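Letters are used for the chains, namely A, B and C, taken in the order the chains are written, and counting of residues starts over at 1 for each.
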Amino acid sequence: MSVALFFEQLLNGLQFGVMLFLMAAGLTLVFGVMGLINLAHGSLYMIGAFACASVVAATGSFTLGLVASFVAAAFAGVIIEALVLRRLYRRDHLDQVIVTFALILVFTEGTRWLFGSYPLYLDIPTPLQGTVHLPGGIDYPLFRLMIILVGLLVAVLLFLAVNRTRLGVRIRAGEADREMIAALGVDISKLYMIVFALGAALAGFAGALVGSVQSVQVGMGEPVLILGFVVIVIGGIGSIGGALIAAILVGITDTMGRVFLPMAFAAFTDPASANATGSALASMLIYILMALVLVFRPSGLFGEKA
Amino acid sequence: MRRDLIFTLAAMAALLAAGLYGYFGDEPFYLTLAAKAAIFGLAGAGLNIALGYGGLVSLGHAAFFGIGGYAAGILASHARNYEPLMTWPVELAGTTSAPVIWIVAMLAAGLFSLPMGLLSLRTGGVYFIMITLAFAQMLYYFAVSWPAYGGEDGLSFYVRNELGGLQTMNPWIWFLVCYAILAVVLVLIAILTRSRFGLALTMARENPLRLANLGIGPKRVLLTAFVISAILTGLAGALYADLNRFVSPAMLSWHMSGEIMVFVILGGVGRLGGPVAGACVFILLEQVLGGFTEYWQFLLGLALIIIVLMGSGGLAGLFDRSGAKKGAAHG
Amino acid sequence: MAEPLLVTSGLSRGFGALKACDDVNLDIRAGEIHALIGPNGAGKSTFVKLVSGEIGPDTGSIHLLGKSVETLPMTARAGLGMARSFQVSALAPSMSGLEHVVLALLPHEGGVFHFLRPVARERELRDRAGEMLARVGMLDRAEIPVAGLSHGERRQLEIAIALALEPRVLLLDEPMAGMGPEGSARLAALLNELRGDMGILLIEHDMDTVFALADRISVMVGGRIVATGNADEIRSDETVKTAYLGETP
């Protein structure tokens, strides 16, 4: 195994992790503040990707596409919050799960209806195509590097917003004690809407970015949603910092596992079965990681002790 | 209790009527649908033990459904290819005997549910939902990437497995087999909920702190319920594989978990006959709405949102209220 | 004198900056009623939660029947013979009072892991549960789901459940609150009757009841025990007068 390959995969893992963080951050915020478990968060990711693809197709501007992903997902988030989810904050988890599952059906089938089942591919804008030479002789796609940087930037901004701004104070107060912030005279339904829109926008943005590296298709959100849950379980609910570290851990473990486990097995067995065993095991790796965390730290790496 | 029984009998009667219509009207398609409803009802009845009686919101029951399915598929395919399942430490051959397959399916689902339940119950609450979902997804990806049994494409087998001398390929016979199993399981669940364990399970759901104060560990009770629940859903999976003569990772997908949950919600959470009624309605909707549009799940989603937001308690809730109204009119 | 049934030493637990229990040393002897009194928010319920294992202590130890139990889970402490009633009734709304008491009897009667025999047919268990309910005056309401019981009836049921556990140590957190005069009088008589069989910790705000029933009284203020003694000692204790009794004329 060459050093260059290792670092390239490390960067890929980092990129995946940063995108997972954008998903997980919204999930954690919404759960922490409103006590809502939102399965439809993956749909917002998908909406962002489709909005980006449509706007890029119509205008040719990738920047506008990214803006559209942000806006469309936030808008969709606000609508479902106002029409549906608002009624669920005081309901039990079962009602939340089933209604947000139903929302997935609505969004998935609605999107299939509008756009069909075939994946769409986005063209990366010309200035961002090509590769950059990194120290150590690695040629890495510029666009992926951009994603890592943008993702980390958003993570930092989010961290500052939650920890250093008035809105953040309210969000954290809301996580600690829902009655209290009402007593402080904060307009709680407005706060909820802002938090929801923010979480939705982050998911939509991540969808657009990942969609432009991979493809934009119906149902793309759910696998990422489930990974978002894995991230939250590992990181601990309610911790933005925990979510970031867990997301990067999951991203890197998954990416590296997929590349290197089959190679590792090839050292013992014939290539075909090494590949089969290696990739089957790699697909389970992050869940094994999650199980280990549950055994040793049931409330997550950074969660408060129950 | 009484209303629960009447509702259950009504749901079972409706399902039997659908089967009889298929048989006497010579519509094998309806018979297959009715068998599917019975199997889905069984899967839902399994989930209902965890979800309804134990209050455990499991979004991972597709794992057990799929394990049951693969148990059937793998055993049957080995038997048909005359390849032993394993040669070491003991030689194990496949089988096409349905009862053996059912037992293996239930054992396998139960065995997988044990560590899964233990880990998911470590923290409880909302984590339980996420962790059960994640472990089911793990199995899904494993099935997709493990090529021995068809990987992504799944595994087909050409004839149903054998049950005594019965003609299992005959849709009427197969429906009756599924129906009978469902009926037996419902009776067992009714007994279970009235047993000592049923009492403890109710307390574990409604007041775990009190249960612990009585010296009874809520987690042990809930874990037991989770395993029983998985075993029944695993049995349903084996029947479903035989119904289609096909298993694929789709049986393990999160979407399947969601659907099993929908059967329970549509019919009535924690109600004996709820999952049966819910599965019947689900399949009815699939046929009727699916006749209008290929995107029928869009409408299903809207309907579910409305049903849950109205808080109706599913079909069983509707049934109770209509009965209460009648009762009030008489009294 | 025999070893007390329950001994806590240096038991402390804080919530954030607040010390809800602060270095509490308290013991319960066999056959006594030990009353714990103190103003609202003194930390009495926190003490019960610590002893029963609902929450863990920051420091300190708890010995139950000579065994150190502060690291044992709630279920294990219950198994050793500790029962508790909750200040806010902790019951299952859909279950009847009889079912609650039957459930409480099960740990001593073969456990709950029986799946196929209907409880309705367990005659002997139901009869014994009925006796417990009769002792708290609730036999005629035995079959009604808790959701349909009054507040006072739920308090009575709490006691019946605790009795069914046949405890060596019984912790009662304001059992009479909300019971009404008749219920309180019956419970006082019942506690008098039980006194010989077990050690009882009684948290209660009504001073007449406390002085009439308790063998010893401990006074808790701001998380600390400020005095322990018999009724006369407590009545005449200066610290208690200023810290507590003075506030409730």
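As a working rule, contacts are C-beta pairs under 8 Å (C-beta built on N, C-alpha and C of every residue); 3 or more make two chains touch, one makes a residue touch a chain.
This one's a predicted model, so the numbers in the text were calculated from it and none came from an experiment.
S.K.: Could you say which chain's mean Cα position falls nearest to the mean Cα position of the entire protein shown?
M.R.: Here the chain at the core of the arrangement is B.
S.K.: State the chain with the largest centre-to-centre distance from chain B, centres being mean CA positions.
M.R.: C
S.K.: From the C-alpha centre of chain A to that of chain B, how far is it in Å?
M.R.: 31
S.K.: Between chain B and chain C, what's the gap in Å when you average each chain's C-alpha atoms?
M.R.: 43
S.K.: Indicate the whole-number Å distance between the mean C-alpha point of chain A and the mean C-alpha point of chain C.
M.R.: It comes to 49 Å between the two C-alpha centres.
S.K.: Write out the stretch or stretches of chain B touching chain A in their complex.
M.R.: On the chain B side, the touching residues are 51, 57, 59, 115, 119, 122-123, 125-127, 129-131, 133-135, 137-138, 141-142, 144-148, 254-255, 258, 261-262, 265, 269, 295-298, 300-305, 308-309, 311.
S.K.: Help me check something: in the complex, which residues belonging to chain B touch chain C?
M.R.: 191-192, 194-200, 202-203, 205-207, 209-217, 221, 224
S.K.: Tell me, which parts of chain C touch chain B in their complex?
M.R.: Interface residues on chain C, with respect to chain B: 52, 54, 73-76, 78-79, 83-84, 86, 90-95, 99-100, 102-104, 106-107, 111-120, 122, 161, 165.
S.K.: If you look only at chain A, which of its residues touch chain B in the complex?
M.R.: Touching chain B: residues 31, 37, 84, 87-88, 93-95, 97-99, 101-106, 108-110, 112-113, 222-223, 226, 229-230, 232-233, 237, 276, 279-280, 282-284, 287, 290-291, 294-295, 298-299, 306 of chain A.
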